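Pasting the structures here.
In the two complexes below, chain A is the common chain; its partner is chain B in one and chain C in the other.
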Partner chain A sequence: MTRHTRLVMSMIYWAFVLYIFVPLILMITMGFKDSKFIGFPIRSWTLDWYVEVFKDSEVLSAFGYSMLIGVSSTLISLVVGIWIAVLLNGRGFIGKGLIYGLTLLPALIPGIISAISFRIYAQLWGIPPGTGAIIWCHAVHNVPFVMLIVAARLSTLPKSHLDAAQDLGADPIIAFLRVTLPYLRPALIGGGIFCMLISFDDFVRSFFLGGYQPTLPVLIFAKLRSGMSPEINAIATVVLVLTGLLGIWAERTTRRMKQGKLQS
Partner chain B sequence: MTDSQENGAGEIVRLEAINKRFGDTEALKSLTMTIREGEFVTFLGPSGCGKSTTLRILGGFETPTSGRVIVNGEDVTRLPPNRRKVNMVFQDYALFPHMTVRRNISFGLELKGLSKRDIAQRCNELMEFLELSVLADRLPDQLSGGQRQRVALARALAPDPALLLLDEPLGALDAKLRGQVQAELKSIQRRTSKTFFFVTHDQDEALTMSDRIVVMNHGVVEQDGTPEELYFHPTSRFVAEFVGETNLIEGRVDAVSGSDVTLDWKGLKLAGRPPVSGGLQPGKQVAASIRLEGMKLSLDKPEDQPNAVAVRIAGRTFKGSRTELDLRAENAPDFAMRAYVDTSLANGLGEAPVWASWSQEAMAVLRD
Partner chain C sequence: MSGKVQTSAATLAGERGAGNRTGEREGRSFWGAIAASQLYQTFSNALLSSPRRQFVILLAFPVLWVLTQHLGPMLQMFYVSFVDAYPVSRGYEQQFTFDNYARFFGSAIFVMPFFRTLAFAATLTLATLVLTYPVAYFLARHVKRSNQMVFLLLLLIPFWVGEIVRTYAIMILLGNNGAVNLALKWLGLIDRPIPFMYTGFSLSVGIIYLSALYMLLPLYSALEKLPRSYTEAAADLGAGPWTRFWKVTLPLSLEGISSGATLVFLISTGYYATPVLLGGPSTTVFAETIAGFFHTAGDEWPTGAAFACLMFVTALAISLAFGRLMTRLQKGVRK
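This part shows the complex of A and B:
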């Protein structure tokens, strides 16, 4: 590669970075503007909007609600996802491919379609819209991600480890709990945080299946309809920082675990 | 459940007519054998000979198609591995990567439901015995190959098994370390007086460590005996060629009487020893094995040896203190033989024909 092409390529890269980050930077900047109207010029700065956010009980309860849904749906999808990954990791059996395909399906269906079909399905069974319905829908959507991440890790577990556990007196359940599960830890942490972020970010499913209580994205949407205000920028910035930190932490931890002390 | 048949003296394992099929292939054909307490038994053979299948059947990881496995007088044929008093050292050691050395060793003890104190005590004993004490809190990937191998051994010995299975555990070590570990393993076996069942394809390893070697081929036992018996008195062509290096000559049985066989080889009469299994008739075409170092070379025809052949030296391979000679018999120039002699002697031999001779004891006539 000549110096010239390298220069051009890095310039294209930085242009792309700029394209991604400028909107974010604008959004963050506006959150500090001491005026009700979003836009330039900015004459004075303030932290009032942040104070507002942390005083706004609506925002706080929506945040808590989103966390509740995120954690619950993640736990469910972890259990189901591990279950399917372990099942598919075993010997070939009739219908293996079918189970694999069906597990992946929820990740491929457009959000709006799955949301509507879940709504209809829930109505059919008399399941009221609200917390349970949202958790259920998020969990189904997240299972394929957990399954893929866990299956990738599971495929690297040497079969001799399970043989050794059994040889030393462990029945299959103890072998799973004491050997397989610890081995899967990086995948579980990574997959779990990934699920949390997807669930936290979801608008369409929460909107269609929600009851009276809004999740954070649904609340932001409602607030937007009554007019754009820098408070929304402040909320978005807080969410951005939190999810960003969580994502970076998860990435670092799982990477270290995989190449570091957990590698056999 | 005790077996109706009485146990032989010190017998710890008995395999009765074990057959194992995988689809169309017969991995084991009617394998019957016993292992005595405190023995170091090696199953030796090429890959696919059935040695690993035997090991996995003893461990409980495979169920024989037919036949019985008796351990300590108890029929364990259908018992799963976690309920057998048999432990295994795996080929890749299979140490649990998230557990320290100490936790790995105590794993089997915890599952036996021993008290914390007993576990710690047994663990400490073993770590001291195998010189692992300073490594107690390390994780497996912080250990060298030899150290991992000792941890695997300690972990398998911890539950005090009746039989210890070793699945080619030296394969992953480099050649230099391997020799050292072989000696170590043998000494550990002597000091613990445990019964070791070792599986390998490496005949050197088998000869070095075993009290007894069982040579397997195509799912059947070719020969079962001490390393010396196998080396000096192989009964089949397979054993003669697989264990050590040898010269095979093909001849016709001329006469058999007791422990003497006379062979007719290209017009020469040669004296050898019959196989223990017997079954030689005059007129039968057979092969005989003469080890490389059993062949003596001299300038003059030796008067005291029953077997002497005039040969030419066709090639030399220098191997330090000894030299391998490539020989061609005068009466059969196409037939290559090899001898392994002192280098000083080899240097004294010129291009002129010399005499290769060997004793009756050195020539084992094979059953097939």
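This part shows the complex of A and C:
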């Protein structure tokens, strides 16, 4: 490849990086503006909006609520996702492909359709809109991601490990708990954080399945509809920093796992 | 690795009291005690008596889960789309009907957003492909393998920030007092701000911003797998850069294009908050139409369900047709 094309390609890459980052950087900057009015130019700077955020009980409770939903739904997704991955990693059976396809289904259904189908389904089971319904919908939505990440790790588990355990008298349950599960650890950390982030960021499902208590994205949406304010920028910046850092960590864990750098 | 096997072997042996002393101490304490306990023995005997029974237990839960949790909501929605009332009030007899579907075809305010959404999603998928292909190519072919992860991570960070936050960032970028207008004014290109917001343009920028990753990652992994020797061989045989791209690189990355495009297309038909915040009356998408039936006090869920089914089935059919086309193209390449 010639030098010339290489240069053009790298310029396109950096332009793309700018496209991705500039809006976020502008949004962060606006959170330090000493005025109620969103827009450039910024003449004086302040940290007041951050103080405001940490005093705003509505924001804090929405944050806690989103965390609660994220953790609970992630735990469910992990159990189900591991179970399905173990099944699919095992011996062949009729309908294996179908189970695989159906497992991936929630990841392919467009957001709005997923949200309202669960709204209707919750009605069928008599589950009122609110915490339970959101956790349930988030858990189902995240199962495919857990399954894929766990299955990728599971496929690299040497069969000799499990054989050794069986030879030494471990039954399948003990072998799973003491050999398979520890081996899956990087996949569980990575997958778990992904689920947490997807759940924490989710708007459309929480919006249609929520009760009176808003999750953080739903609260930000409601605030946005009544007008932009630098306080929203401050909230968004806090969310951005937290999710960004967690995302990097999870991404690193799973990528290194796939490259085989992480041994159990 | 082998050391690991040996240590775990020792502890596992300890469980069943095989006489290894270190194992005895470690294993007996927790796992050994559990494995030896009467309760666990009864439990495991009942569950694991035969390989067949083990498999049935392993199989039963996932089958039950995917049928009731993954397929169930869709089937229920499909069913509701054919009834005249849902949720049913007490004493009311539910009737089977096609009216919910008939309502769609009867009115332009429903048909327009439907086709607008599909056209929008298709255009944006193409735009995302054109935008991200060079980026993925650069990452996979020009960046040193050891640096690729850092370069990729740089792009991934913002994608972990949710739909709402990123949509808001676009609002600040494109607003009348936004950065773009400010920059244009500063350059002396405009006198008064260009109203970017609440148009098809702002919505497109927002949706591409949200879904670029779903295109970038499949493209990157397809291009990364492609051996460099292929293009080198083509070059040796006298092919110029364009020929190499059209005849070698592009055909061999069809798989990545296919899965990326399918994902972006399906996902971008489902955005709800972004069109509400970035779009205007002239850009109403079908997601907003569907959502409308679930906001109103009146009992219009069946209509909403019917519209959602129409959307999903159409989007899925288009994706499948596209997938088939791509597979056919790929087969043509292999010949």
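Operating definition for what follows: the second predicted complex is superposed on the first by the 251 of 264 C-alpha atoms of A that agree within 3 Å, B and C clash if a C-alpha of one lies under 4 Å from a C-alpha of the other, contacts with A are read in each partner's own complex, and residues count from 1 in each chain.
Methods note: a residue touches a chain if its C-beta (ideal position, glycine included) is under 8 Å from a C-beta of that chain, and two chains touch if they have at least 3 such contacts.
None of the values given here were measured: they were computed from a predicted structure.
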Partner chain in contact with A:68 - chain B first, chain C second, else both or neither: neither
Which superposed partner A:163 touches (first chain B, second chain C, both, neither): first
Of chain B and chain C, the chain that contacts the larger number of chain A residues: C
Partner chain(s) touched by A:111 [first = chain B, second = chain C, both, neither]: second
Touched partner set for A:179, first chain B, second chain C, both or neither: both
Touching partner for A:228 - first (chain B), second (chain C), both, neither: second
Contacts on chain A seen with chain B and repeated with chain C across the two complexes: 160-161, 164-165, 168-171, 174, 178-179, 263-264
Chain B-touching residues of chain A, taken from the complex the two chains share: 158, 160-161, 163-171, 174, 178-179, 182-183, 185, 261-264
Parts of chain B lying in touch with chain A, wherever the complex brings them together: 59-61, 80-82, 86-88, 90-92, 94-98, 107-108, 111-112, 139-141, 155-156, 159
Chain C to chain A touching residues, read off their complex: 1, 4-5, 8-9, 11-13, 15-16, 18, 31, 35, 44, 47-48, 54-55, 58-59, 61-63, 65-67, 69-74, 76-77, 80, 86-87, 131-132, 134-135, 137-139, 141-142, 149, 151, 153-166, 168-173, 175-179, 182, 209, 212, 241, 263, 266-267, 269-273, 277, 287, 290-291, 294, 301, 304-305, 308, 311-312, 315
Residue ranges of chain A touching chain C (in the complex, touch as defined): 1-2, 5-6, 9-10, 12-13, 16-17, 19-24, 26-27, 30, 37-41, 80, 83-84, 86-87, 90-91, 93, 99, 102-103, 105-106, 108-121, 123-124, 140, 143, 160-161, 164-165, 168-174, 178-179, 197, 200-204, 207-208, 217, 220-221, 224-225, 228, 232-233, 236, 239-240, 243-244, 246-248, 251-252, 255, 263-264
